[in-house]
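Naming follows writing order (A, B, C and D), and every chain is counted from residue 1.
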Amino acid sequence: MNPIARMIETHPATPFVDAGALAECIAACLECAGTCTSCADACLSEDSVADLRSCITSNLNCADVCAATARILTRIGTAKTPNVVAMLEACRTACADCATECEAHAGHHEHCRVCAEACRRCEEACARLLAALG
Amino acid sequence: MNPIARMIETHPATPFVDAGALAECIAACLECAGTCTSCADACLSEDSVADLRSCITSNLNCADVCAATARILTRIGTAKTPNVVAMLEACRTACADCATECEAHAGHHEHCRVCAEACRRCEEACARLLAALG
Amino acid sequence: MNPIARMIETHPATPFVDAGALAECIAACLECAGTCTSCADACLSEDSVADLRSCITSNLNCADVCAATARILTRIGTAKTPNVVAMLEACRTACADCATECEAHAGHHEHCRVCAEACRRCEEACARLLAALG
Amino acid sequence: MNPIARMIETHPATPFVDAGALAECIAACLECAGTCTSCADACLSEDSVADLRSCITSNLNCADVCAATARILTRIGTAKTPNVVAMLEACRTACADCATECEAHAGHHEHCRVCAEACRRCEEACARLLAALG
């Protein structure tokens, strides 16, 4: 079991949503924050950096939104549902934007392909949590 | 002129929204992130910490959302408007929640009063920017 | 292979240190940032919150340092070795402090036990990277 | 009085160091995090982006370290002095590196000149706090 799932399991409060879906979304946010930070740096190192400006910006934005979303989702002791929902919407939007940018470069840059996959996984995990929160 | 306004002024790109309103909102987000981090720590130090759990959580959430929002607003080189709008909505929501929590304790704790004011300023700055992006 | 390792592998630049040790340290930082954010929230939810103030502060500090360290380690395109070394020292210090705090409560709170393990893993990964950087 | 100074003044705990120097350092960290995030975006927008890679990386690193340092300095309820000292060292190192990078471009890019000034102010504020902590 990954450490985030174990942390939720051992938390004194009951999560505001299915614990498995929550752990999966937090893990997807942390992973996506990591791959986006790396993809921004890899794009900056490419010879074609001038063509990758928009991709780099999407990467940096997505890393920041995912990192903040992971933290907010993790705070299950006192549920702040409107806050969680608005943040999940912002995260889904940032992940969709970054996935689209990276997919456009996936044929030339393998790091964009790997990053786009992480963005799509996180976008879907946010969508599932939003659906569960109704 | 504050440094953020000077940075926007010297940036090679034209901002996606009125430069003055943008600089004001970024400054409000940075200030609110700072006061919320401090208010969480101050509440944690109070004898009545057990009654301040929900306030501390709101403070921590608001600090994270404001910090991420400041960064996304700052990236004017390539406008990602849907991303900016969703993040401003999340920030306005987090600031409103944290202001309400802190206002409930403002009579007993001066740090909550100061923090609530910063939250309301940031909430209003986000609302103004959302209206301008409308 | 985890996504961070794949990102390093597909990056156009050669890492400033052994790629495997680097990927392991970044993953340990992200994991520790996640468990510390959760442990702070779990401690805040405990009946004995007043006895856990110092632990909560260590958790919050450690989460912030680990998140920043993960980002700095990830930027391999232009090596900033003195910066990396100073940050690894700060991260090792924060992880050691948080592990010691959490270990003191591990008998009563399973979340502190899980979190302490993540802190020790991250502390060791930072120490290994510092040793490799000589 | 700026809001950070008012928050420290209204905090139930006594700061671990002179309150004025502490408030000044936190404000300098927040300002530097803001200008560095902006300078990275401005550099990325320049025609000469390929020559500014190292500067952009220094900007991104410095923004992350300054943001984390501001948070750790703000948590005065339970002093974690070794943690604070190590983080101030990392912040001083990151600010010095970023100032040097930005100063090299200050003749061509006004945003680098403004950012270098913020980095030097933050570097000096960290050095003063380190000296005070002995």
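What we mean here is this: a residue touches a chain if its C-beta (ideal position, glycine included) is under 8 Å from a C-beta of that chain, and two chains touch if they have at least 3 such contacts.
Since we're looking at a predicted model, the values are computed, not measured.
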Practice task
Would you identify the chain whose Cα-based centre sits farthest away from the centre of chain C?
Solution key: B
Practice task
Tally the contacting C-beta pairs at the C-D interface and at the B-D interface, and name the larger one.
Solution key: B-D
Handout entry: Interchain centroid distance [CA atoms averaged], chain B/chain C, Å
Key = 27
Fill in the blank from the handout: Rounded to the nearest Å, the gap separating the Cα centres of chain B and chain D is 19
Exercise for the section: At least two other chains touched by the same residue of chain A: list those residues. Expected result: 41, 44-45, 53, 57, 60, 67, 71, 75, 77-78
Problem - In the complex, chain D residues that touch chain C - result: 53-54, 57-58, 60-61, 64-65, 67-68, 71-72, 75, 77-78, 80, 82-83, 86-87, 89-90, 93-94, 97
Problem - Interfacial residue positions of chain D with respect to chain B in the complex - result: 3-4, 6-8, 10-13, 26-27, 30-31, 33-35, 37-39, 41-42, 44-46, 63, 67, 70-71, 74-78, 109-111, 113-115, 117-118
Exercise for the section: Over in the complex, which chain C residues touch chain B? Could you list them? Expected result: 40-41, 44-45, 49-50, 53, 56-57, 60
